[in-house]
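Listed next: structures, encoded as structure tokens.
You will see two complexes here that share subunit A, one where it goes with subunit B and one where it goes with subunit C.
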Partner chain A sequence: MDAPRRDIATPPPPLDTLRLRETPEGIDLGLRVAGAVPRALALALDLLIRLGLYLLLLPLLALADLGVGLALLAVFAIEWFYPVVFEVWRGATPGKRALGLRVVHEDATPVGLPASTLRNLLRTVDFLPAGYALGLVVSLADPDFRRIGDLAAATLVVHDDRPAPRRGPASTTGQRPPPEFDADTRAAILAFAERAPALAEARRIELAEVLTAPRGVRGGAAPALITAWATWLDRGAPDGRAA
Partner chain B sequence: MRLERLTAQLRPCPAWQAIDLGFALARAWFPALWALWWCTALPLTLIVLALAWLHSDLWLLALWWCKPLYEAPLLLWASRALFDERPRRGALPGMLGAGLRPRLLPLLLWRRLSPRRALVLPLLLLEGLPQRARRARLRTLAGGSASGWLTLVCYHLEAILWGGMLLGLYLLIPEGLPGIDLIAALEDSAAPAYWISSACYLLACSLIAPFYVCAGFALYLSRRTELEGWDIELAFRRAPPPPAAVLPALALLAPLLLAPPPAEAETWPAPEAARARIAEVLDSPDFGATREVELWLPVADPAQRSTEDAEATWSATPPPWLAGTIQWGLVTLGAIALLILIRALWRERSPRLPRSARTEHEAAPEPHSASPIDHETEIRRLLAADDPGAAIGALYRASLERLDRLGLSLPPGATEGSCVQRASARLPHRVGVPFAAIAAARQHAAYGDRDPSAAHVERLLSHWRRWQGRTDAH
Partner chain C sequence: MRQQRFEHQHAADWARYRTLLEQLEQRRRRGAELAEFPGLHRRVCAHYALARTRGYTPGLIAELEQLVRRGHAQLHRPTLRLGARALQLMARDFPRALRRHAAPLWLAAALLFVPMAAMALGAYHDPGLILTLVDAEQLAELEALYDPARDHPGQVRPADSDLAMFGFYVRNNVGIGFRSFAAGVLFGIGSVVILVFNGLFIGAAAGHLSAIGHGITFWPFVSGHAPFELSAIAICGGAGLLLGKALFAPGRLPRLAALRVNARDALVLVAGAALMLVGAALIEAFWSAGAAPVAVKYAVGAAGWTLLALYIALAGRGDDAS
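Let's look at the complex of A and B:
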């Protein structure tokens, strides 16, 4: 977790959509709050899915009054319990899952039945006066993109973290990086090693020289040196200590 | 470009998260961006209004088509603010002209309807490449970005805001005042409602524009961060410098010296010293503290119990027979309670009703039910008072009492008819007949309002007296 380094002279922390929540073990969990665009698309997808479910109810209408009654009950259940059931059961409705979103409490725990019920009951307020206009305005004005239901239920809609593919173990032992590098720099060294293949050759050297030029390495050797450092960090020190 | 002064946290991320970062930027800079939008849009609005007078649909279409003109200054402002250089007021005229640069012309012509408009704008405005390079650059930048979805969703957000405002106005105007004709607001371009609707749409555009521009800008930034490693460069620039003691000459040799794995180069403390150090660290309050808690636990070991009893300060122990006495007393009480319960249950089950319940169906027979003689005097007194109705009632009650004494159980509230039915069913015929006559007379008096004659009552009374004599013998 690359926390911004601050001292008194520096300006306020940079704008970001990452919110950190500290667990009792002292570990910061990062939540990437989701804004209006992915949420609107998820809502539209859920609307389509519900529409499909309603189409499945059409044969019920053949049963005259009984069918109409049953269909109305089913419409009520789908309209009100579809989001609640999916949020409590799977963490997100199918539309949100398709967009990689998830609903959580503000402290990053999975959303429970009371909070989910509350935030979905208040959809009626967010809907006013038409098409979720009020919810849109509130969501644009809130720093965490929460609509009224989220504010009342203390929930957040966040981007789900998909586990990144890990690099395979390196064959070489690598090279120990200088001891003065702090955690941020080590994380950047690892990131460089992962993303170097996607960078242009000239840019790769230019980037590597930022770190290695003060240590006297320039040119094509610079990216190789940083990759060697990254290999050493990735394998962990030989005595088992975490790098 | 001074990456150290970035006011946003840039990192390679999926397109949706980049769009969200753009929305966060727009939210932070909203007042300035919104004002800037109107600075360009308002003069144009008035000019077009003068040109397309009385044609509100043309007016709105022209303003809508010119959107890139108002969006370019927003992007220029945002690109400066991103590097912590907010433009001063003096720079305003230059910024407002940003939309008029010739290289933005494609945006007003064939690129106006492109779904990637938000991404094309930073490319045209900030990079200024020749056309061929520009096309290749756009292909590179647009890879994996969701700029088409961004444009689609933002049009819908504008529509939602416009509809919300229009419907809100329509619903909130009190009855009696001239309201808004919603049909005309959508269809009749000459109606005043259409002008209101157009103004609402313009306002919605102005509200969404900062978010749209910043989201496109953030998509552009995120893609460049990914392609050029901006975040890595920033972290490398912030890395601690090499120690001052290392001279440049030594630094040149450093990679060669460090080439073998240097694990053995470190010196480790002696195990005893390390253990002492570990114990010292573990003693600190961060690793927990001791505290005293008092609680009661059962004593399992009898030996321990006797010693503790001996240590107890009690002067008098209770006599050993006390516990036995109390125990037997409790058992006896329990047995009595059980008996009472069984008796109560038995009574509950038995069909016999308590005496008070059996006589409930007659109002107050008690004071007059002392003896047959009393009944007779009472009846004669009522007859003398010329009240044969009351007299036959008293006779009926006396008969009921008689039946009760004969062992005929009558439910509370039984009617005269059911009393007669029971009497004839349970009693021998000659016993039942006089009662049936008395009950019939009583029914006529009570419900038919036909009082029997005094002679009839006399006759029934004599029957009853005989009947009583018979049943006594019986």
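Let's look at the complex of A and C:
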């Protein structure tokens, strides 16, 4: 009764910002690369934080010689190594974290010291001639939105995972879906059952009727039928047989 | 297999995996317990792959993917041993990289020192020449800095202690080094410009100060730190040229791949040169303006050049096992 099994693990390349990276365990991890706007916002936030850090250094100047020396060293460290320290330590600068961004190697592993140093030293070039103009142009020309520093260091700026609350099918009694449904359709049924509680009633019915209308089920009964199919796919027949 | 049974069967693994992940993410390491983590990670990866091929609900697939993604990040977390790394860099990797990339580094040295020498000669014979690079006000400042009549030659603010000057030199010089490296990614042109300009400026200052009789404070002052500072700037520029070389002449690799290969070595060069510049700043702040006799200062300068040459020629030879 199985529909011919399509290889779901290797879908066609999505027209999307999702990049799949195969790990040594043979699975694909999805990376959602971040575009220029969230990155610019993160940059602005980091700029504010850096300004705050500079202000914190002001009292040092009261210490005259020693204080000036320490303040200058601290300014140097903040100028060049603020992003490196945070990226290697926590995966992202505070600004990026606030916007849910992370820096990773292209193979989805967390960014290390060499790559982070390189991408942040090359920041000076991305900044040219003013306000990251060159970096913006390069990142808009690149499908993965990489600026020059990212290209040279083989890093990506990606969106963090959004915690996806999972809801199982709500129906208590399963009902066997028509055998002619293929794998894609069954996946759609399961996806519908999970998403349905978040949809408006009318939209729920509209979506459900795509599958149920040819079988004469319309209106409020349509979503219920789909949910029952989903329950069956999830758990098997009501009497617990494996179908 | 039905999804519900699948979830039921593996729930224990997933819970255990989650616990270990949380411990790892909070850096609460317990060696013996963590030994099971890699195996568990591979198992959960297999569950994720199964969930996808069997067409289980997108929610379950997403949940498993998030789990293995977190595990992947922990399993491949880079180790950071700064002290050991810096030691290995200076004892082995840096001198080796210097010898491996002799060509761009000699070119960078030439781009720095040839304009420097030419400009020094020019400014020595034509006192007006330096005004093509700096304006009269900056020139007056420079002249006052090395005025033999002053107590603390070479210090912009005589009241400042050595430590304040150390901070200033580190920020200024390492910044120049980093910039002359980074600018190299623009097909090497940026590095060339920064090297030549710095050469011209230093040469002009040296020539001009010698011509007006301030050489007796200028040369002893710079002799101590010059070997390390000037060569480190040349090395940073050379690392930039290495990036440019990858774009101009990538060889058998695509340009991006060549850039990445060269960037790895360039980064070693820059890191080593940055440490050299910090050392030079130490000398410049705590020794160069000191009261030691001129002959001693020149001797220290000569020793610096000799040590540097020996280091570049000999350090990091031999096999890795030792």
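Note that the second predicted complex is superposed on the first by the 189 of 243 C-alpha atoms of A that agree within 3 Å, B and C clash if a C-alpha of one lies under 4 Å from a C-alpha of the other, contacts with A are read in each partner's own complex, and residues count from 1 in each chain.
Convention: a residue touches a chain if its C-beta (ideal position, glycine included) is under 8 Å from a C-beta of that chain, and two chains touch if they have at least 3 such contacts.
Not measured: the values here are computed from a predicted model.
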For this session: Considering only the touch criterion stated at the top, classify A:Ile27 as touching first (subunit B), second (subunit C), both, or neither.
Result: second
For this session: Go through the superposed model and pick first if A:Val85 touches only subunit B, second if only subunit C, both, or neither.
Result: neither
Exercise. Just subunit B (first), just subunit C (second), both, or neither: which does A:Arg235 touch?
Worked result: second
For this session: Examine A:Val75 and indicate which partner it touches, taking first as subunit B and second as subunit C; both and neither are also allowed.
Result: second
For this session: For A:Leu211, decide between first (touching subunit B), second (touching subunit C), both and neither.
Result: first
For this session: Have a look at where A:Phe145 lands relative to subunit B and subunit C in the superposition and call it first, second, both or neither.
Result: first
Problem set entry | Which superposed partner A:Ala98 touches (first subunit B, second subunit C, both, neither) | neither
Exercise. Does subunit B (first) or subunit C (second) touch A:Ala187, or do both, or does neither?
Worked result: both
Problem set entry | Intersection of subunit A interface sets (partners subunit B, subunit C) | 5, 128, 187, 191
Problem set entry | Parts of subunit A lying in touch with subunit C, wherever the complex brings them together | 5, 7-9, 23, 25-27, 29-30, 64-66, 68-73, 75-76, 79-80, 88, 91, 104, 108-114, 117-118, 121-125, 128, 148, 151-154, 161, 163-164, 166-169, 183, 186-187, 190-191, 193-194, 230, 233-236, 242-243
Problem set entry | Of all residues in subunit B, those that touch subunit A in their complex | 6-9, 12-14, 16-17, 19-21, 23-25, 27-28, 84, 146, 149-150, 153-154, 156-157, 159-161, 163-165, 167-168, 171, 207, 211, 215, 226-229, 231-233, 235-243, 248, 251-252, 254-255, 258-259, 261-263
For this session: Quick one: which bits of subunit A touch subunit B in the complex? Just the residue numbers, please.
Result: 2, 4-5, 11, 14-18, 32-38, 40-41, 99-100, 128-134, 136-137, 140-141, 143, 145, 159, 173, 175-176, 178, 180-182, 184-185, 187-188, 191-192, 195, 198-200, 203, 207, 210-211, 214-217, 225, 237-239
Exercise. So in the complex, which bits of subunit C are touching subunit A?
Worked result: 2-5, 41-42, 45-46, 48-49, 52-53, 55-60, 62-63, 65-66, 68-69, 72-73, 76-78, 80, 85, 160-161, 163-168, 170-171, 174-175, 178-179, 181-183, 185-186, 190, 243, 256, 259-260, 263-264, 267, 270-271
